[in-house]
Amino acid sequence: MIPRYSRPEMVAIWSPEARFKIWYEIEAHACDAQAALGVIPKENAAAVWRAKDVQFDVARIDEIEAVTKHDVIAFLTHLAEHIGSEDARFVHQGMTSSDVLDTTLNVQLTRAADLLLVAMDRVLAALKTRAYEHKDTVRIGRSHGIHAEPTTMGLTFARFYAEMHRNRARLVAAREEVATGAISGAVGTFANIDPAVEEHVCKMMGLQPEPISTQVIPRDRHAMFFATLGVIASSIENIAIEIRHMQRTEVLEAEEFFSPGQKGSSAMPHKRNPVLTENLTGLARLVRMSVIPALENVALWHERDISHSSVERAIGPDTTITLDFALHRLAGVVEKLVIYPENMLKNMNKFKGLVMSQRVLLALTQAGVSREDSYRLVQRNAMKVWEQGADFKTELLADPEVTAALSPAEIEEKFDLGYHTKHVDTIFARVFGA
Amino acid sequence: MIPRYSRPEMVAIWSPEARFKIWYEIEAHACDAQAALGVIPKENAAAVWRAKDVQFDVARIDEIEAVTKHDVIAFLTHLAEHIGSEDARFVHQGMTSSDVLDTTLNVQLTRAADLLLVAMDRVLAALKTRAYEHKDTVRIGRSHGIHAEPTTMGLTFARFYAEMHRNRARLVAAREEVATGAISGAVGTFANIDPAVEEHVCKMMGLQPEPISTQVIPRDRHAMFFATLGVIASSIENIAIEIRHMQRTEVLEAEEFFSPGQKGSSAMPHKRNPVLTENLTGLARLVRMSVIPALENVALWHERDISHSSVERAIGPDTTITLDFALHRLAGVVEKLVIYPENMLKNMNKFKGLVMSQRVLLALTQAGVSREDSYRLVQRNAMKVWEQGADFKTELLADPEVTAALSPAEIEEKFDLGYHTKHVDTIFARVFGA
Amino acid sequence: MIPRYSRPEMVAIWSPEARFKIWYEIEAHACDAQAALGVIPKENAAAVWRAKDVQFDVARIDEIEAVTKHDVIAFLTHLAEHIGSEDARFVHQGMTSSDVLDTTLNVQLTRAADLLLVAMDRVLAALKTRAYEHKDTVRIGRSHGIHAEPTTMGLTFARFYAEMHRNRARLVAAREEVATGAISGAVGTFANIDPAVEEHVCKMMGLQPEPISTQVIPRDRHAMFFATLGVIASSIENIAIEIRHMQRTEVLEAEEFFSPGQKGSSAMPHKRNPVLTENLTGLARLVRMSVIPALENVALWHERDISHSSVERAIGPDTTITLDFALHRLAGVVEKLVIYPENMLKNMNKFKGLVMSQRVLLALTQAGVSREDSYRLVQRNAMKVWEQGADFKTELLADPEVTAALSPAEIEEKFDLGYHTKHVDTIFARVFGA
Amino acid sequence: MIPRYSRPEMVAIWSPEARFKIWYEIEAHACDAQAALGVIPKENAAAVWRAKDVQFDVARIDEIEAVTKHDVIAFLTHLAEHIGSEDARFVHQGMTSSDVLDTTLNVQLTRAADLLLVAMDRVLAALKTRAYEHKDTVRIGRSHGIHAEPTTMGLTFARFYAEMHRNRARLVAAREEVATGAISGAVGTFANIDPAVEEHVCKMMGLQPEPISTQVIPRDRHAMFFATLGVIASSIENIAIEIRHMQRTEVLEAEEFFSPGQKGSSAMPHKRNPVLTENLTGLARLVRMSVIPALENVALWHERDISHSSVERAIGPDTTITLDFALHRLAGVVEKLVIYPENMLKNMNKFKGLVMSQRVLLALTQAGVSREDSYRLVQRNAMKVWEQGADFKTELLADPEVTAALSPAEIEEKFDLGYHTKHVDTIFARVFGA
């Protein structure tokens, strides 16, 4: 976790304090369930809740762990210091450390997913706002980085919205994947603990009981979770790359927001760097790098080995923190992106009217000119634009072979931008609903 | 694609013949829609269907492409050879090559997903059968590769079933991800073609219209598709690793099926290698390696660049073919896996009764013996088993300090395997339904 | 392997014919060594060479393998059909299949590396030629896609040369990594075969004996090999991205070569797509995707498991074929790249003189103007350029506060391009030698 | 960076204090060089060294950065607070932030590499010691997890030594890759700074001047660096997996060291988990995950974009810290690994003598028995061992058809372990030198 790429809300989920709090809640709820089953005395279960408002002392727990060499035992020992060892005696009974650790991880991941959904919603709101704002702002569509046909800036935002909307649905599904808990004992047989305990704890922690666990919750769930984050990161990169292209000096159709007083920007107005979206490109790589180790974590030996643990200690917090930060950074960039519609027109007209050459070609063919002749006609006029900076429409109107096939009005019509934007509303309705 | 790791059904989906057939159908349906809109004459649209039963000549198309340097134009030229250039004139009107190519890719991917679902169902059926067959076959559960507590072979199959069942649901979702088509023209604006054409073509091809496309269908969909295949592959590895462990000489709880006459196996009966599951481990790596390039494909420049294309030419067929083969190989391995219940018991009892030491420890504590004393008592008897090969239960029954706390019947009960299997039915009901 | 992305020379290395030839040579050389040791009769060893010019019949070997289920045995059986079963009797004695397979793989990889070095040399030659050709062709340097300070096109080529030169050295090292052979028997102990056989075979096949093998040659070697190819691929992407940027409509500083008659290019002269470099971007992803599975192949179980094999069957040919093709494609692109120096100047002057603002700022500071005042002075003149399209130098010369600090000649000097290119020769000497 | 998986020496390299110290040294050496060139006054250059022993105040620099939004400027401002703004005026002249940042990164990476080499040497020493210690400790070699032929524990250590020795050489090469510095100004042209400054700074910082840089040092170097760490990590996994296999209950040929008093281990002596090597398996995944983003970092836009920066902020420290920790943990595991030679023999003899069946088969064939008959003879005796637990040698000696072909002494010889270990010294000489 890199402080400059993190938000405190997400960091808090992964703090030792938060972790111990979840451990505590799991143990306390388990005691309730055990008491209900008559396995442990009700008063001992009740006593555990005396620590309800305790902020556990991380340093003290670390101190105990240094002796016991076991994190869960260290925590339980510390808990006993709060509720008394007599009452603490029944805590954790029949459970294995993994019951606590794995259920806790999934609580953390679902909470992280909830924050990511909030971040995603901010991104979506920003994209929608900007899409409607620039629904009719014409710019040139580019394939291969080369001018193709006109489109609108609103369509660009709308497609990013649609992509992020799909990502939102994926994230909801990914959250479901990891929203399970397991209190099933040493190898998952419930030999030492009744399944009712698992059911109660899961219900209270907002999870579903894992239908079948071993010592651990199966890691295909986590693999799917991180794979989904990797897809989302790639979409962030997709948007970031578009903005970086738009901001490059020769294009300049948009710029990341610069506060008016920001040093350097006005003395060198051409030198406003798209550093936020470049940064997002890098952060996307960081999020994505968790995918492979998460996939490698699936094949644990028999009822578990602990190879997944160190991986998750790293990618659990790092990946969710980075993605959360990236989504908010992206939202900020989109919200405040400075857009230059006039430059969009200027760029489109760099080769005066040439982007319409395909329409003219088609029109000639449809007017009955042979494919070869149509090519020849378009070509000779296009070359004048390309080589001498002429205006394409003017040249066409002056070319008798062309005007023999197409009337001036027909030629004129080929340069009508409305032709290209006539279905924008249809597309918006598809994306945003009627 | 490696022939030995492929099945003809899946290979067929990716053959040039199949691809051209799909191209043809897309073009023909598009003509129908264009005719319905009055854009092209109905008779020309109808004429296109004359090629309905044509098996397109791949060599001939390649020949034309060598001249035109354009695959779709080469195909259209060849199509004209079948239906006459007069009628062919209106084919592809208003469309861009990507409309055909991208929609085709998604048709292929959904068909591939359908085959993968069939393969998955075979795996699921095999796992379920073997799970019930060995529901009560006791074997030792292992954490860290070390004996922990008893479980059953049926639970092992059941958890693989549950994992694969999740994978099936993921695959259904992944199929939905790529089940879209786009006939939206040069940069996705429908400038040259009515959205109704896209709707008709998609409906006829079993796809949903892509709500908003550029020149291409957005690649986050494909990224999610391949990421999902990567997760499935990791689950295959998970099962393969378990079987490889079971077959190793010292464990020998199961073996991949060997036909009785298979050379070498009977002259060296100890040398039956788990080559199929080792192979599956490697195939899993091959499937997984498509995930990162699929993620890298998402961020295309503006309305498209063509960097994704070469990647998909490779991973489209290779990954689905490999996964399909791997799933069927896995199903075969599971269906015919030779299981040795007696060796499972033998292994469990390697250190006579020692796997029950934790239960005894717990029982002593619950009987009021202090934690320290309980440890000491278990330890001194355990060490006799460990070092001298004694029987744990016998030693405990002979230890007066132990029998002071636990009656012989209580001690006996700690070694009851039924204790560990009592919830197997509950778990099976969770996994397979009541 | 995708035919359109492959060259026959590299494909040939991986053909079954080539593989069987290498198997044959290994077996024949091993017989020689065994004969020299007196293990087998000299005449039988000599007899094996009767098949020296045989082109082995792949279909026949496949036929036999269908029965024997073992590739090496199938080959040996076929070999016996050529040299007689009496003489063939001693072939392969004391060897294990892996001895042949692993040594063969490394022969293929070193031959592949040799072809890659040839391809690399072609790339290097092209880069060097173009570097000297455009040593003094000034273009704007860009950081963050934004105009920074002038540089030259030659420096761009020179840095790609330097990068590829490093890659060449890495490739030589990677070739050394896999240039080992092993004829060490079942688990690498030479129990059934003398180390002298390994030495002889390796010498004859152009390899070093693997100092210590198990049943297989250790896979860290292959991991390093493929990791190196991944780095080279990333450098290809680096060059490809630069060219794609240069070709985009708004920049147009270079274009991939278009044959004058190429269809479409002259009717739509603005629509020449950098499809080769886009393709290279995708091919780079394909090469890179072999790195992770190659790394995962290192940790084999004990003296070998066969999980690596299916991975290598795919990535061995696919990765080397793709990289070889990509390097030659890249060389072709560089050799024929059409460069537009006049557009480079036009782009640099988009904001007339503004790229020199930093030099002016520095000059003012050095002339004793405070940092704050210097900023203010540069800023007010820069904004006229930025907002009104004025010429920066003209404005500065007309600003009395500026001219109070800097003489006209000093201002003039700040716009001298020679200032930026004065060390080009020094850098060239560093890169290409004096 | 996860504290529990880190060593303070490596963490220190990446501390802000260490980074600022390097920044300072670079700036100070640059001033010296500038003074030598007469660009800045000698006394000002000398004055900079007054801060030689300053421990820079990270909090204060952060405070300034919060205002200036620029890390290098914040540092320079703070430096001026130490040496006076008059003298500080000439610091950083002609340089760009990247000159400092990139050169610093490479200083850190080379220092990290130096620590990794120390760690590697500890691993090598441990492996060598254990190799010689168990040079003649016979154990069964396993292919596919199945008993094959005998080998020795020393050979296992020796091959890990050879693999790590290759890794050491790779690491030395990787260190060279990143041991360059650049002080070349805004786009690498040395327009504002003489190459002599770069030469001096690099020399003083223990680096080579980067022959040609842009605003940044080319990232193929770093890609190669991290790719190499990924290979090393895979070798760590290789060793870890071997040990995990050896420790599993059914094998028990070795165990990670347990301190005698370690809780739990003696009450449950069978439950000593190979947690360190499992952890190493996970850490290997973490190290490896840096490879792909490092490869993706190579293709920066034009003279640089900043996408690489966030990636390196994470993987620079995280990967080197994790690998350093992993190497030391591995060394500790190897140094103290508890090895059970008697269990090795016990395992080898699990199927009494059956591992020798291949030698017997070969001997029969060599004695003139047909291949088919040899098989039949071996088979019928092998099956008695396999199914009835008989002793293979005893059965062979009692089989008249066998003894008709082989004398008792010849049969006896086939079971001689010395046959398998006769070349151990040869192999050791290859690995460790004569």
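As written, the chain order gives the labels A, B, C and D, with residue 1 at the start of each chain.
By our rule, a contact is a pair of C-beta atoms (placed from the backbone, for glycine too) under 8 Å apart; a residue touches a chain by one contact, two chains touch by 3 or more.
By chain, with names taken from UniProt: A, B, C, D = Adenylosuccinate lyase.
Remember, predicted model here, so these are calculated numbers, not experimental data.
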>> Treat touching chains as neighbours: how many steps, at the fewest, connect chain A (Adenylosuccinate lyase) to chain C (Adenylosuccinate lyase)?
In response: 1
> Repeat of C-D among B-D, A-C or A-B, where over half of the residue-numbered contact pairs coincide, is which pair?
Replying inline: A-B
> Using CA atom averages as chain centres, what separation in Å is found between chain B (Adenylosuccinate lyase) and chain C (Adenylosuccinate lyase)?
Replying inline: 33
> Taking each chain's centre as its mean C-alpha position, how far apart are chain A (Adenylosuccinate lyase) and chain B (Adenylosuccinate lyase) in Å?
Replying inline: 25
> Multi-chain contacts in chain C (Adenylosuccinate lyase): which residues touch at least two other chains?
Replying inline: 142-145, 148, 244-245, 263, 273, 275, 278, 288, 292, 296, 301, 305-306, 358
> Within the complex, which stretch of chain C (Adenylosuccinate lyase) touches chain D (Adenylosuccinate lyase)?
Replying inline: 141-145, 148-151, 155, 158-159, 162-163, 166-167, 170, 173, 177, 185-192, 195, 209, 211-215, 218, 220-221, 223-224, 227-228, 230-231, 233-235, 237-238, 240-242, 245, 284, 288, 291-292, 295-296, 298-306, 358-359, 362, 419-424, 426-427, 430-431
>> Touching residues of chain D (Adenylosuccinate lyase) toward chain A (Adenylosuccinate lyase) in the complex: what are they?
In response: 2, 4-5, 68-70, 244, 262-263, 273, 275, 278-279, 281-283, 285-286, 288-290, 292-293, 296-297, 301, 305-311, 313-315, 318
> Which residues of chain B (Adenylosuccinate lyase) touch chain D (Adenylosuccinate lyase) in the complex?
Replying inline: 140, 142-148, 244-245, 247-251, 263, 266-275, 278, 292, 296, 347, 350-351, 354-355, 357-358, 361, 375, 378-379, 382-383, 385-386
